[in-house]
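Chains here go by letter, A, B and C, matching the order in which they are written, and residues are numbered from 1 within each.
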Amino acid sequence: MTDQAYNFAYLDEQTKRMIRRAILKGLAIPGYQVPFASREMPMPYGWGTGGVQVSAAVLCPDDCFKVIDQGADDTTNAVSIRSFFERTAGIKTTTSTKAATVIQTRHRVPEMPLSEGQILVYQVPIPEPLRFLEPRESETRKMHSLEEYGLMHVKLYEDIARHGHIATSYAYPVKVEGRYVMDPSPIPKFDNPKLSDSAAIQLFGAGREQRIYALPPYSRVVSLDFEDHPFEASKADHSCGLCAAEDSYLDEVIVDDVGGRMFVCSDTDFCEARRAAGHKGKDAA
Amino acid sequence: MIELRDVSKTFTLHNQGGAVIEVLAGVNLSVKAGECVALTGSSGAGKSTLMRMIYGNYMAQAGAISIGEIDLVKAEPREIIRIRREVLGYVSQFLRVVPRVPALEVVAEPLRSVGVEAAVAEARAQELLRQLNIPKSLWSLSPTTFSGGEQQRVNIARGFSHPYPAMLLDEPTASLDAANREVVLTLIEEAKARGAAIVGIFHDEAARTRVCDREIDVTGFSPACVT
Amino acid sequence: MIDTPLLSVRGVSRHYGAHIGCSDVSFDLYPGEVMGIVGESGSGKSTLLNCMSGHLAPDAGEVVFDTRADGPRDTVTMSEPERRMLSRTEWAFVHQHARDGLRMGVSAGGNVGERLMAVGARNYGDIRDKATDWLGRVEISESRIDDRPGTFSGGMQQRLQIARNLVTGPRLVFMDEPTGGLDVSVQARLLDLVRGLVRDMGLSAIIVTHDLAVVRLLADRLMVMKSGHVVEQGLTDRVLDDPQHGYTQLLVSSVLQV
């Protein structure tokens, strides 16, 4: 099963060492974007090259690896990344959040609280939260270094002016440890509170943009807002059609050609565990 | 109040071979509070030049021009601006205003700029415009649209709204009808009565005789006469 | 008279290689004073303005600004964060092209609100009220508050830029050709507006322009530059009506009389 032609976890040791140094620096300065020399990976940009490189740098032979894409273990992206590491690192893989030691994710944070010793690796398309309003990288770096974050609120102001409320629903900007403003990757804002005070190490890798940033365990992460328009972690106002969970993030699934739809947990492992425990939603067969 | 000592004025035309035109030399002039002095002399003798120098608009090459305690020849721009705002009024022949500003505000502005309350300043402006027979319907319009005579009267109203201790008047009665001329002469007499030192140019001889205490022939300051 | 200058410029020079940008410029600007800087293209007036406003580091000289918090400080040697803070709070910079001074992707209200949010305003309602008030003061209809500047005319964009700059109550405004590229009728309205704001807010301003009519209307005093040097300075009407330097005489006589 393991392809012996590759070094452990595909990348050579010097590259992994370079990435680990970037990760350590990121952990030392929570929320700060550390540049790193991103390598070409055998997959296109946008498929998680940043996350894969971070995972490759932190994986050890006895780790148990889980990959989720939009919360699901069985989507193409998740399956192919999982098999990539099965082949290049020969490590165990799992779909269980609890059993995993390293979880690579795209667009979600698992519903189950993570524990100490676990590492959550986020795939990040655009690491710079200020880019929406200030396209000059030289200027945004200066703004970070001088803590000039007024612009971030301009983005939220525009939201309220246009929609009457803060309509940003994913990649919702956060402030880390009262210092750096950070893009939490395109997770739904429902997941933002899970970033704060998490027991796990959270690492963010942007391959195309060559940036790594990190949250050490138990970091304080605050979602930006206005006094009169406070942050709200919103989700679809339904319960899961399969497991009846009231408090999990839901995907809307169209089930026929006449407008029939159902809401199901986006976190497949969470949903399956609940169903195994006997919970049953209204759409469950 | 207005004191000139050994003042001289030359124009150097750098772009015409550096030609130097000597206009005035050895000017000595003293005007006390409550006194009105007329500058006379033929056209081109330097009356307007001298007036402009007293206002700080033209630079003197030598001598001292004192308004109260301040020597305008040496003063910094901000001091001259303060003197013009508080001490030294100037009624020129032409009105120079920003478009869009209504006549009433134009007249009230000198008072507003010395810190007089808006209502008080406006009341004084209304009084002057009424005295000078500017129809009420024009008060809220910009003077840029007025006739020449109306502009001249707005200009006079503006010049007399703040009780300056020193005033310069350049042909204040020119092109006015008898009634308005009378109003202006009364304003000048009132200014004298409250103690203003006035220097003026009046081609209107009758007016000159009526309000002026002395006449100074500027021809006497021409460099040719001095040397 | 107030004796502490708001801005004190001492021996400011800036060279571009062998070429002189501006050379050994010194002057004091007092609170409430408006100074014009005129000269032809390449005379160094924009270089000087950029040196004073912290956009460009001078090779030599001091630019001492009387800060609200700590009194007179040399802005050339102060740290960049301090200087940038000054430029958001006590200074304003009005660019010739409104596009350089506005965020074109952000609504008018967001443009005005940015400086407020930058200094810590976190109440949406308050920010919006202030933005509405300022749009009114620069004669932009409240109904345009959520429109982007790209839908505004040139004159409106310039007025929006002014509102955006003045909302945090600065004390010194730098203006670079504020009326350049505008129609004459639009210019008059803008000048009138600027004049009113300068007087009502007691602002000091430094206006770089090549338009002598603009300085006659707005500036108390005038500085004339040529080839990087100040050739003449003084009271505006004195410099324009009785210019002493050959270059100033040429400049004044070159203007068409209207």
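As a working rule, a residue touches a chain if its C-beta (ideal position, glycine included) is under 8 Å from a C-beta of that chain, and two chains touch if they have at least 3 such contacts.
These numbers come from a predicted model, not from an experiment.
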When you take the mean of every protein CA atom shown, which chain's own CA mean is nearest to it?
C
Based on CA centres, what chain would you say lies at the far end from chain A?
B
Any idea how many Å lie between the Cα centroids of chain A and chain B?
77
From the C-alpha centre of chain A to that of chain C, how far is it in Å?
46
With chain centres defined as C-alpha means, what is the inter-centre distance between chain B and chain C in Å?
32
Inside the complex, what are the residues of chain B that reach chain C?
11-15, 52, 56-59, 77-82, 98-101, 113
Would you tell me which residues of chain C are touching chain A in their complex?
80-81, 84, 88, 103, 105-107, 109-110, 113-119, 122-125, 127-128, 145-146
For the complex, which residues does chain C have touching chain B?
1, 30, 33, 188-189, 191-192, 195, 199, 217, 220-221, 234-238, 241-242, 244-246, 249-250, 253
Which chain A residues qualify as touching chain C in the complex?
133, 142, 146, 148, 150-151, 153-154, 157-158, 160-162, 226-229
